[in-house]
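Chain naming follows the written order as A, B, C and D, and within any one chain the residues start at number 1.
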Amino acid sequence: MAQKIPVGILGATGTVGQRFIQLLEDHPWFEVAWLAASDRSAGLPYADATKWKLTSPIPARIAAMKVSPAGPADAPKVIFASVDAAIAQELEPRFAAAGCAVITNSSAFRMQADVPLVVPEINADHLALIEQQSWRKQSGGFIVTNSNCSVMGLVMALAPLQPFGLEKVLAVTMQAVSGAGYPGVASMDILGNVIPYVPKEEEKMEAEAKKMLGRLAGPVITDAGFAISAHCNRVPVLDGHTESVSIKLRVTATREQVLAAWVGFDDRNQISGLGLPSAPKHFVRYDDRPDRPQPRLDVDTGAGMTAVTGRLRKCGVLDWKFTVLAHNVIRGAAGAAVLNAELLKVKGYLGR
Amino acid sequence: MAQKIPVGILGATGTVGQRFIQLLEDHPWFEVAWLAASDRSAGLPYADATKWKLTSPIPARIAAMKVSPAGPADAPKVIFASVDAAIAQELEPRFAAAGCAVITNSSAFRMQADVPLVVPEINADHLALIEQQSWRKQSGGFIVTNSNCSVMGLVMALAPLQPFGLEKVLAVTMQAVSGAGYPGVASMDILGNVIPYVPKEEEKMEAEAKKMLGRLAGPVITDAGFAISAHCNRVPVLDGHTESVSIKLRVTATREQVLAAWVGFDDRNQISGLGLPSAPKHFVRYDDRPDRPQPRLDVDTGAGMTAVTGRLRKCGVLDWKFTVLAHNVIRGAAGAAVLNAELLKVKGYLGR
Amino acid sequence: MAQKIPVGILGATGTVGQRFIQLLEDHPWFEVAWLAASDRSAGLPYADATKWKLTSPIPARIAAMKVSPAGPADAPKVIFASVDAAIAQELEPRFAAAGCAVITNSSAFRMQADVPLVVPEINADHLALIEQQSWRKQSGGFIVTNSNCSVMGLVMALAPLQPFGLEKVLAVTMQAVSGAGYPGVASMDILGNVIPYVPKEEEKMEAEAKKMLGRLAGPVITDAGFAISAHCNRVPVLDGHTESVSIKLRVTATREQVLAAWVGFDDRNQISGLGLPSAPKHFVRYDDRPDRPQPRLDVDTGAGMTAVTGRLRKCGVLDWKFTVLAHNVIRGAAGAAVLNAELLKVKGYLGR
Amino acid sequence: MAQKIPVGILGATGTVGQRFIQLLEDHPWFEVAWLAASDRSAGLPYADATKWKLTSPIPARIAAMKVSPAGPADAPKVIFASVDAAIAQELEPRFAAAGCAVITNSSAFRMQADVPLVVPEINADHLALIEQQSWRKQSGGFIVTNSNCSVMGLVMALAPLQPFGLEKVLAVTMQAVSGAGYPGVASMDILGNVIPYVPKEEEKMEAEAKKMLGRLAGPVITDAGFAISAHCNRVPVLDGHTESVSIKLRVTATREQVLAAWVGFDDRNQISGLGLPSAPKHFVRYDDRPDRPQPRLDVDTGAGMTAVTGRLRKCGVLDWKFTVLAHNVIRGAAGAAVLNAELLKVKGYLGR
C-alpha cells in the first residue's frame, strides 16, 4: 500500500484535538506526524501535556510523541486544526502562507468569502473557493473549514430537503457539554440544570447554515435564501446535540416525500460513490420510534457521522417539525474535518 | 380570625398531592381535613402511604392523618385533586355530583366546554362557565381545572402580550422529570440524556393555550385565534420547565413595549388588588442577564408562582423570541389549583 | 465449524436479558434459540415485548423472534436466566428438573449449599458441587449461579490477594442505576443525589464474597475466613459499580507485591490457558493514574469483563486501601453467566 | 439594639464568599462592611466582580459595594476569609499582624500548633490557643480556622461518641462538586461519573479530625488517639457531602447508647445554652428511615448547620457503621466560620 500522508494537529490537547487523534489512529490515508498545542505544552510528551478524556486509551505512539510549538516551521503540509478563534485568526494564516492545507474546525475563517465551509455530502463543490485564496496563489496553501457543531446536525437534516425549497427554519438546540471543550462548562452550572444561552452560537448557526446550503456561482457563494432563527440551550448531556426543528417549504411535500428525501440522499449527495473512508453509510437515518433520537442511545450512529432524525410531524406554525441529533465532537467537529481532508485528497488538493 | 375552610386532597400521595400538603400547611383560608388516595393506601396513616419526596418534612398533623377511600361519602365540600386522567374521568364527577367544589389539576375535564380552565390573573372571568355545569345545577358542586404544567409558563408569558394580538406561537420545552410524577421517568432513561417526547403533551399545550387565552362570550369560550406549535422534550432537571419560544404579533411592538407589557401586567391582570394569598408579587419577572432564566437558580422565584422570562430578542422567522421558565409542580400544578381555590373563595363559590 | 449450541434466555426483556442478547450475538459457541419473559410478553415479537436500552440495535433475527412462555416445555437445554428472586425460586428448579443447564444471574439459589457460585478465574473447581444437586441426579439438569453485581468487582480484586491471607475486608460501593434494572431507580430519587441504601445488597455482598472465595472440601464449600463489612450506596451513574475498599492481610505484603499479585493472576487463575471466548485478557488491570478508575472512562475495559483497580495506598486502619470498578451488567451479570457457560462447556457439562 | 460589628470578607467572590454574604445578610451581630477579592476584581461593584451562583439574589446593598484590594489597610477588624491555601499563607498573617481577627475557612494555618481548628460545639476550649499566637501578643490580631468540608460531617458524628473512646475510624466520602469551588469540577469530568480522588483531601481529613477531637493540655493540643483512614470520592451532587463511616469504640456501646449520645449531645456540648445565632437546634439529627440521609432531601437540615446521621448498624469489621451527611458549604465552610465568629464574640475576642 502507498505511504500515508503525514498530518499535523494544531490544538492537539483539546477536546477536538483528542478526537482527531482517535479518528486518525489507523486511518487508511493519513498518519499523525506532528502535534502542536500552546506554549505551555510544547516540549512535553503528549501524554503529559493533555488531559485525555476519551474512553479509548491514547495510542502508545502518540502518547510518547513530543508536542511541538504552534508554528509552521517543522510542520507537515496537511494540518488539522481546532483552536480558539482568536488564536486561529493569527495562526492559521501563517500555516496557509507556509504552503499548508489547513483543514480547520476553528471558527475564525468560516464566514470569510473565499474560504469554503464544507460538508462534503452537501457542498463539496464549494472547494472551488480555494483557488480564490491569496495563500493558494502564493504558496499553494489554503484554509478549509467545517461548521459549528450546533449547525451541523441541522444542515444535515435540511440539505436533502432543498429540492422542496427551504423557506423558513426555526431550530432550538439542547447542546452537550463537550461542545464547550475542556474544562468548559462548570459542573456547578449544569448539574440538574439548563442554561438557555451559548455565547455567539445562535449567530453562527444562522450565518453558517445559509453559507453551507448556498450556491456556488462563479467565484462566490450565494447564501441560501431562507429565513432562519436559532435558540441555543446547554443541557447536562456529555456528547450529542439534540435539536427541535420546524421548517416551511416552498413546495408542498408529503410526509412520505420528506422521509424519502432523507433516505434517498445517500444516493444523490455530492460524494456518493467516492468511497471516502469516514463517510457514513447513511448521511441521515430516520428513526420512527416515537421517542427517538436520544443522545445517550443514538449519538454514535454511523460511528458518530450520521445525523439521526425522528418525530417528523405537521407543525401548526410552519409546515413540518422534527427532531435531529448529531455527534457534536465527531460529525460536528473532528470527524467533519477528517471527512473534508478525505475529500480534498480525492480532489487532488493534498499534493499527491 | 374566622374558621378555616376544611378541604380534602384527592390523590394525596402523589407528587402534586405532596405539594398540595406543603402549600396548604399554614394557609390562611384553607385547612387540610381529608386525604384520599388509591385503595392500596386507604386506612393507612399518611406517612406510611406516601413516599414523601420534598425537602420539607411531612407536617406532623398530616403524617398521622388516616388516608380515606377515594369517594365523596365523608369528604369535605372543597376538594383539591390530582389523579390520572382515567381515574379523574370517573371520580371527579362523583364528587361534583355530591356537591363538592372540585378544584383539579387532572387533565380529564380541562377541554370540556362547560369546565373553566383557569389561571386567575389571565381568565378569572371564565369561572362563569361553572353555572353551565349540570352538577352545579343539581347539587351546587362543580369542577374547575388548571392547565398542564408545560403550557402554564407559556401562557403566562403570552397573556400580557395579547394586546399586541398573538398571531403565531412556537414553543420548545425542556421539561423537568417531576412533571411525570413519581416514580415517573426512569433514571436509566434520563441520566445524561434528552428524551424528545412527552406522551400527549404537545396536543395538550396547543389546545389548552388557546382555551385559556380565549374569550368568554356568553356561555362559551371562543378559542384564542393564534396558530401554535409545541415540541416537548424531557431533560435531566428536577423541577422547572424551561421553554424556548418564538412569537409573531399582529401589531408591531418594540422590545421596550414587550418588556413593559410583562412588567405592567401586575397592575392590570384579572386579580390585581384582590389580595389572593398565593398570588405572587410578580406574575412575570424579566431577567436581563444573558444566561437566564435557569431552572436550578430561578425556579423558586415568587415562591414558585412567578414565571421568569429572559433573552427577549428578534426572531429571524417570527417576530420575537425569548426563554420562559415556570415551576411545573407549583405554578404548573398544585399552586395553580390553590390559587384557583382562593379566587373561587373571594368570588363566593366556596359557600361562605 | 461445528454447530452452535442452542440456548434460551429466561428474563429476556430485562436489563440483563438485553445484555445476554448483545453478548451472545456472534458468540462462537452459543446461539440464542429461545426467549422467554413474563406472561404479558409471551407471544409477542421480542422487539415489541422489550424496551431496548442499549446503544447497539436489537439484532434483526432476535427482534422478530416470538417470546415464549416461561416454562421448560419447548426450551433448549441450556438456559441463561436473570429474573427476580421470587420468580427464580419457582421457575429455575422446573428447568433444572427438566434436564436443563440453568446458568443464572438470579439470586435465589446462590447461597444454597449444593449450588456453585462461580467466577471462573477464581473458583472454577466449585462446579463439582453440581454433582450434589438432586436435579442432576434425576434429569441431568443443574443450576449454576454468578454473584450479585456489587460483590463481583470486590472479589475480583480480592482473589489474587488470597495468597497473603485475607483477614478483614471493608467495602463501600457507589453503584450505578442499571444495577436495579428497568425502570428501577426513579429519576426523582437519584438526579443530583446519593441514596445510601440498596435493599439486601450488603448482606448479599458479605455472604457471597465468602462463598466465592471459599474452598471446596469434598462435597462442600468452606467459606473464606475473613471478616467483611459492606456499605452500599446508589449514585447517578449509568453503568459501573465503583468501590472504595480497605483490607487487612494475614501476611505482610509490600505495595509491589500487591500490584504483582493483581497482574500475575492472569497467568495463574483457574482458567488460564483455557481460551474461553469471553475471558478478558486481564482479569484485573491496575491503573496508576491518581484519579482512576472512573466509571465513565473505564467501565468498558476488557469489553466490560476486566475489573480496574487504582489508588493502592496504605490504610490507617487496616493495611491497604484501593478503588475497584467493574461493569455491573457485563462482568457483574450477563457476561458473568456467559463466561460460566463457556467454562461449563469446556468442562463437558453442556452435553457435547 | 447595639450597633452591629462591621466585618470584612476576604475571597468574597468565591463559592464560600457568596455564602458568607448570604449568611451574614440580616445577621443580628455582624454587618458586612468590606469585600475583598483578587486584584482583577478590585474596584468593581461586587455584582460585576462575582458570578453569583446561589438561588437567593445578591442583597442590593452588597451588589453595589465596591470590591477592595486584598490588604488590611482599610479593612475592618473582623475578617471572614476563604481563599486558596497559597494566598492565605501570605495574606492572612498580614491581617492578623494588623490587629484583625481572621476567622478563616482557608486551609493554610489549620494544622499550625498555635492556631485553633474549631467546631464550637466540640472544642470551643481550643480558642485558648489564640493567646499563644505572636500576632495576638503584638497587635491583638489572631487566626482561627474551621475544618475542611469533608471532615466536618465526620467529626460532628464522632464527637458525641468520644465518651465511648474512639479507637478506629474509617470514612469513605461521596463529595459534592461545590466543595471544589467555582468553576471547580468540569462537567465533562463528573456528569454520570464518580472521581475516586480529591487532591490532598484524605490527608486533611485524617489530620484535622484528630486535632479537632484532641484535648487542650496547657498551651497545646494533644491529638485524639484513634486510627483513621479516609477514602475521598467526588460524585455528581451539587451540595452535601455524604459519608459511609465505620468505627471501633474502646468501650462497648449498644445501639441505643450510640443513638442517645447523638441526641443527647445537644444538651452537653461546649456551647449549649450560649444562644449563638447560627448554632442549630440539633447538632446531629438521626434519621431512622432506611434510605436516609440523602443530600438532595436532607442537606438543608438545621439551615445547613445540622449533620444528619442514619443507617446505624453493626459493622462486620469494626463495631458500628453509619452514614453521615453535612452541608459542605454551610456547616463545612461559611457557616462554620460564622459560628466561630459568634463564639469569639461571646468569649470577648472581638473587642466588645
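FYI, a contact is a pair of C-beta atoms (placed from the backbone, for glycine too) under 8 Å apart; a residue touches a chain by one contact, two chains touch by 3 or more.
Predicted, not measured: the structure shown is a model, and the values here were computed from it.
Q: Quick check: more C-beta contact pairs at B-D or at C-D?
A: Counting C-beta pairs in contact, C-D comes out ahead.
Q: Name the chain whose C-alpha centroid is most distant from the C-alpha centroid of chain A.
A: D
Q: Take the average of all CA coordinates in chain B, do the same for chain C, and state the distance between these two points in whole angstrom.
A: 47
Q: Could you give the separation in Å between the centres of chain B and chain D, each centre being the mean of its C-alpha atoms?
A: Centres of chain B and chain D (C-alpha means) sit 41 Å apart.
Q: Which whole number of Å gives the spacing of the CA centres of chain C and chain D?
A: Measuring from centre to centre gives 42 Å for this pair.
Q: Among the residues of chain A, pick out those that touch two or more other chains and give their numbers.
A: 53, 191-192, 236-238, 296-297
Q: Which of the residues in chain C end up touching chain B in this complex?
A: Touch list, chain C to chain B: 15, 53, 177-178, 182-192, 236-238.
Q: In their complex, what parts of chain C are in touch with chain D?
A: Against chain D, chain C makes touches at 168-170, 172, 174, 191-197, 199, 206, 227-229, 231, 233, 235-238, 242, 244, 246, 290-297, 310-311, 315-318, 321, 323.
Q: If we count contacts the way the header does, which residues on chain A are in touch with chain C in the complex?
A: Going through chain A, the ones touching chain C are 53-55, 191-192, 238, 296-298, 300.
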